[in-house]
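Each chain carries a letter (A, B and C) given by its place in the written order, and its residues are counted from 1.
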Amino acid sequence: MDSTSILLTLRLASVTTILLLLIATPLALWIATGRGPARRIVQAAVALPLILPPTVLGFYLLVGLGPLTAFGRFLIRLIGHPLAFTFTGLVIGSILFSLPFAVQPLVAGFTNVDRDLIDTARVLGASPWTVFRRIVAPLSRAAFLASAVLTFTHTVGEFGVVLMLGGDIPGVTRTLSIAIYDQVQEGQYAAANHASLWLVALSFLALLLLYARNSGRADAGIA
Amino acid sequence: MPESPEARLQHHHKLSVQCRVGSLNIDANLKLSSMWTILFGPSGSGKSSLLRAACGLIGSEGITLQRFQPDETWQTLQDANTQTPPHLRGLAWAPQHTSLFPHLTVRENVEFAAHHGQSRNTDHQSLVAESLRLFRINHLASRTPRDLSGGERQRVSLARAFATPHCKLMLLDEPFNGIDHTLRNELLPEMRTWLRDRGIPALSVTHDVEEALQLQAEVILLREGKVEAEGYVTKVLHAERDGLLQSLAKN
Amino acid sequence: MPTLAEAYEHATGTKLTISYGSSATLEQQLENGAPQDLFLAADYSFPEKLVAAKLTDETAPTPYARGTLVLWARKDSPLQPLTNNTLEDPRLQKLAIANEAHAPYGRAAMAALAKLHLLPKLKDKLVIAENVSGAAQFAESGNAQAALISLTIANSAHFQQTGSFVRIPKVTYPEIRQCAVVMKSSPNRDTAHDFLRWLTTDAVQANLHKLGLEAIR
């Protein structure tokens, strides 16, 4: 049992999910409630990782974060070494890779909140932040759940980006999906099957726990 | 009975709206000067839109809202250069479709207006308690909007508006929708007293002739986005009653 | 490969359709019924697997070229100019190699590093790509200061333009014998054999160096 890869994958998925929710929420809020043509452009841009092959995305990141670009050089000066082959580099890749999975459910959820409720709350004296915290967010719980689950499971199964950016370093960038790929390539099918079961079990467990929690709340009435 | 002269104020609010809402062209100049003003008119005349304009919820062009201050100057809440956000206008609002927060209990809905997310203090608590009592919904405090009847929801919406502290103008859109006449006639004088004790003027929207008569307030008659008449209820409605009844019957 | 294909077509009129991939991936696909007629691998072991699975015409893989391991770095890499001692340069922070478990050049790279007694020092600096192209990419993007890759890649136009290389002494790694097999199930077996024969003629072998490969003999 490759516990190093499993723990690494769990760590990567958790960190990515938390960071991505923090990034996606204001972004989704702006797309859902803002005005002007800029929103649509941003919304389309956010959806790009959906159509880019993961290896292509990984390749762009490899080059873009490396010493060949001005931005990459700036990062290297800041950190002391390139982001490729590091856990941080993988987190950044994962965040970009799963961005649409995090943003789109949130946009749908926020848009679905009855406009009248927001208007009423505003007139009754609630600041925009209070409106979000006490009205929009609680009524978008399902969207947050979907966003978190999709990001988490998507990152657990991530392969192409990690392949291009990772460097296969055990404990640092050798995620479960890479480990399985290596085992398959080496003909170690038994080990690969074993690891794959772990991959499926992890994702399934995450889905189950979160969906069970959500339906529990629904039964008790939203409060 | 007409209001006593002392109850009449200098214009406490001036609302001027020139805009287009859907297919309706609104061009109205409202100078509010009494403790309770009724905005009266058939459906589609723009009454709710006027309230929404005062709240700052529809566009920003062609809308001017000013408030007369204790130091006898006018404060501009909205015009071509200023747009005070809705939550800073010192308004209370019971909208036409109640818009109760479905994930909060009745008490939490009313509390939302009282302290909207800030830490509670005893003033807020007593305000909430009094408002619940006024609208006779204490026994519903722990229920959620889903479990209420139409009339009960309406009363919660009113209680929520009334629990808004530091309110300078109370906006009520069809406040007695779904509430039977007997209860309405009970609530009206108590609501009047509440507002009068706190010095809060009210602007309510209705298309119910009987309700307007019951209130005995100043009436602004609105038709197709334009003010047709203003004055004391019996004068305005007496002159218009036949035409109104006809058009209301058509609607 | 395209050059070879062009030359063969020119000589015989037979057109070749080429599918690319790592030796390991291709071997597995062929094992599971991929329709190619001929498998040209980067070493001996993968064609051997197909022979063992009784999927080939021959009883042993046919060597067609020898591979060479080189150390490649970008022209602007801090390690330039490359020498035989570059691998011990402290400025080498990341060295990219292919995965030794399933890539022939990765195996060769690890063998060379072990033979040169550099493994203890370089173990933590290694970044592993799934195949030799990936290793080349790591170095080409500048994220790794150098890479141990095949002469074939280092000799290609793009890599000649962007960097330079030094050969790793042949004694430090086992010979990379690139071998081929013809698939038993192929409807074009005769043509496949013909191509293989052509590939191993003196004339063609003499020109292999242009492709970064060395002749078998």
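Brief remarks follow.
As a convention for this text, a residue touches a chain if its C-beta (ideal position, glycine included) is under 8 Å from a C-beta of that chain, and two chains touch if they have at least 3 such contacts.
As the structure is a prediction and not an experimental result, all values here were calculated from the model.
Interchain contacts link the chains end to end along an open line, per the touch definition above.
Of all chains present, the one whose mean CA position sits nearest the global mean of protein CA atoms is A.
If you average the CA atoms of chain A and of chain C, the two centres end up 37 Å from each other. Remark: chain A and chain B have CA centroids separated by 46 Å (rounded to whole angstrom). Centre-to-centre separation of chain B and chain C, using mean CA positions: 81 Å.
Shared interface positions of chain A, defined as residues touching 2 or more other chains, are absent. Those residues of chain A lying in contact with chain C across their complex are 59, 62-63, 65-68, 72, 81-82, 84-85, 163-164, 167-169, 181-182, 184-187. Listing the residues of chain B that touch chain A in their complex gives 52, 55-57, 85-87, 89, 91-93, 95, 97, 99, 101-105, 112-113, 116-117, 144, 146, 160-161, 164, 171. Within the complex formed with chain A, the residues of chain C that make contact are 22, 24-25, 28, 49, 93-94, 96, 99, 101-102, 126-130, 134, 137-138, 141-144. Contact residues of chain A toward chain B in the complex are 114, 116-117, 119-128, 130, 133-135, 138-139, 221-223.
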